[in-house]
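Everything on this sheet refers to the single structure shown next.
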């Protein structure tokens, strides 16, 4: 099977290539990149020197295409591919939101292909595995969204928390991409931490959309505050919600019950693991795991769930390949088995 | 006036010395340190080479003593000094909690001088300025506590939020001190973020004690989760609480009202500043400022307040000198005027 | 085939385990670690949770053993294994120096098994491939030594430089190991760079021993200065030597001739690559490559060679597995094919 | 006295403002910045909020002007000021090289004011103090040049080394400025080290010019290789040269003689200090010191001198103020007395 990457020249695109390098079932045969047409992939990215590929303007014939283009550009580029039957996994936000008005209000552009939204599948694999396997269009989730939804899904589905949650996320810088900005200048990031997008981050609507689906569409209030911290890879989300009275044992038993509930929810999942101690992003560095640790603040009766992942792997390229594996019928873990690189 | 530092050999102690170097009203005449008795201060800490001081086992005669010893050891060392009339500013936790049982339960040791607790003053200068000025014993607040209390005090005092708050703090590594531990090994911290002390951090009881005092002693529920992030200095706290219905305008006016309320609360304060944009720890690197930014998550009606400071300055040594200035009658800003070192 | 790791609990040992995880020809069946006997490997190192192994005090039956013990302890632990026919790859320095007096003077201990030195093979694979393949005892090179020798070997062997070289190396912190020391405290390393071991670093004698072997035993003068820089993984060595008059073309042709010479020297090597631009450690992060870039300072007629590698992979565990592959008859690149993790 | 900063919006300009904040003899009354005309200084740089200044397009009336513009633009902007009698300290390279052809060849532009080169003074204060005090135009040295020249000047002047030196420098990222470039993107710098400008860095000709002046104009061969390492501030230069036969005692006495020679050379200097151990950039973080540590590699008879400084202070803004102090008749250390910020 042949696969291609549209816009390989960013961090999402190059991470796709890195992970596909050892995939036994597919060949990466075509990569595009607007700023580097004609360059060898290994010239542009020395760590990808083993690929015998030249960056082109247009994607060659492939069975499946990943897009790592920015939003709007992505749907526009994918539309003709979808029309001629190529399966697509879109790392951009274009096919994540079901409500086109919501999309246009958050992203400030007209959607290039609203007619395709109904059939696209939100590719948070653990929640939508069956639909992904049958999809033509997979909307790969945002990195923050993946960590937040996996942290809260078991509790919301089980109805053990009030439908009013806070997600406080801490992210490394690669989530901001390879484009130049003062925000990603080394001297501005190093020895620094700050919150941003206080008026609303673009991953919020997809978090709400997916969490609401788990609560049977009941009202749900979500406060999400992302923070930038001085590291390259990794997201850690700390999620807070009040336990719903009467839904869970009180006292020390609450913790055990909740751990069981989370364990059951994720039983058999190859990439979601409960950890006995608070997880650290370093434990997922370079691999496709999402680590989840639910606990209860006994003084206040509040559920606290911490989740972490590598934003470029489970938060982007790794989950995209996980989805591709399902789409193309490979074992879900193919090319994603590497242990985290520690330290 | 002569001042001394007990246990100058840690990060709190050395930061006191650094800041005192240019104080025009006091002379640092004596420094102790168990592991380095007999060494020149400038030999132990090359950045303090301009001090003509030798590290001793016992403190010489001073008018005021800072203690940067660990808890329990600190009160034990300060007791004889207090008895002979030396004023003290204690950077340890020993004199922070008014309730000795609370202290002994959180710190797991017998308090060495419980009889002194009633007269000690919790030295969060902005809240207790008058008392500090007349004190013999100032309990310098914890670094997390300083950032959290300054973020929430105006809102709690005004009664505009529900008495149920979440404090999500992100701290650099120097807060963990200079002692050796795997937790502070470079390779374990770099490219990593994690939550810790989920069962309860020792700064929680002082946060609760001081915030409760502002609410008139009403019940108050506080969830506090500290995180370690890869930087040396700095704490950023993101605080969440629901607005109390009917206490504040709705819609866009809420933000403006709250900003006004905070501005009034901190009017004239030399070291607390409201920022128009979300503040960054780098903007306080090496100086005594606490930056505060209140806002409202309009979708959920939740107050979000972000505060940041340098944990070794406003979170420890700087605030200790601010308190010393009050105790000894100097202008409060003496020796604390430096701008942050950026970038 | 069964392999074991003696002292898996440090960074060298855990990196061996990480890389062996996907080796198709060997099974890691036994791991020891003095401080963690009885713990599950995945409990001690969460990133190794997929191994079904418990840390023991003594190594079980294996066909080949890696030792990641400190020097002296390593030879002592390996001696009985060697005597009963187990092949060994020693990551410590114990079997690197052929001259026992040299060893004892640099390491300050009596050698536990000097009788084995004559048959041990210095496992810089590219230079000693044939000998490694037939060895019982492979002395895995030091991380600095690997980068320095690979940078200088082609030029010294060809006789195009004066036998007087300078090696200025910059290393990440993981080379100092997982043991606790103020030198590796985050706050002491971050935003800092320093030279160390100016009186002579322990990797110097092995560098001299191996480079001398390439010059036919002629006198060779080597100045080696290591530096610690704020990163976890990576070594970059900048090497300087005067071109020997008359051995190489002058002017611009010199560069081309030298590049050809290096290219010929490393032709076919899977893990040593010449780079067209100055290489960066990030291009080797987590993989087994050593990147080499020779150039000429045209103003002074000086050869400058820059090499870089991941100190825990090609500088330790990766090269150890490369050697094991040869010893056990596997393809040399088995389990070492991963691309560098970038960014 | 009134001073102004042309182009305050970069790291050099903002550091000038930070340090001038507490200068008792001068007032910063005017700051320009092309991209931020009309903004308040404290809006553009929150750490400078205490200045009551607005960024303008043209400099107001001042007694002395600093220029932090890029080369060529700097001389062009300073020319009219010099003509009307304003003293200038130029942080750019425009007035450093005495040979206009050399300047034009290295910088690739026509010099905007070659007629002023003869009277400009190279402001490495320690070497040219008397000339600086009487100058109209001070060319503030490059950051690398300052560290390299201070490391080698005593040895070259005394004639104890061969006139063939190697300078291997490691620099933090702020030296590359605040402008956007992939080279300074956090994700490209973090966990990375690389050499650059192997064909010749622009600080080389000024290093050669100034060092040659110390050797009486004799031939001098200099190889200079700069490296970028993951930190914000700091340069450490490791310098190598063979001891000239017969000029210095042999054996252990050599070190002591050289230390004495360096100590004599820098006796009384407020900002250059010999350190007993290898110095670390952190020991100069935020202050104006240059730490120097000469030693001898006893195995090879090679002098090794390590120097370090904060590239934005002694390497730029601090030295500029040191020069201003001389020009305007203030004590040389005015506003530069702060201890390094550690850790």
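In this document, chain identifiers A, B, C and D correspond to the written order of the chains, with residue numbering beginning at 1 in each.
The criterion applied here is as follows: contacts are C-beta pairs under 8 Å (C-beta built on N, C-alpha and C of every residue); 3 or more make two chains touch, one makes a residue touch a chain.
In this text the structure is predicted, and so the values were computed from the model without any measurement.
Peer 1: If you average the Cα atoms per chain, which one ends up farthest from subunit A?
Peer 2: Checked the centroid distances; the maximum from subunit A is D.
Peer 1: Going by the touch criterion at the top, tell me which pair is linked by more C-beta contacts: B-C or B-D.
Peer 2: Pair with more contacting C-beta pairs, B-C versus B-D: B-D.
Peer 1: Roughly how far is subunit B from subunit D, going centre to centre by Cα mean, in whole Å?
Peer 2: Roughly 37 Å, centre to centre.
Peer 1: Compute the distance, rounded to whole Å, between the mean C-alpha positions of subunit B and subunit C.
Peer 2: A distance of 46 Å separates the two centres.
Peer 1: Would you please write down the residue numbers of subunit B that are in contact with two or more other chains?
Peer 2: As it turns out, subunit B has residues touching two or more other chains at 11, 174, 178, 187, 190-191, 230-233, 279-280, 282, 285, 343.
Peer 1: What does subunit C use to touch subunit A in their complex?
Peer 2: 11, 14, 18, 21-22, 45-50, 174, 178, 190-191, 232-233, 273, 275, 279-280, 282-283, 285-286, 291, 337-343
Peer 1: For a test of understanding, state which residues of subunit A touch subunit B in their complex under the given definition.
Peer 2: Residues in contact with subunit B: 164, 166, 168, 170, 172, 187-188, 190-196, 198-200, 221-223, 225, 227, 229-234, 236, 238, 240, 278-282, 285, 295, 297-300, 302, 304, 306, 308, 343.
Peer 1: Which positions of subunit D touch subunit A when the two form their complex?
Peer 2: 11, 173-174, 178, 180-182, 184-187, 189-191, 230-232
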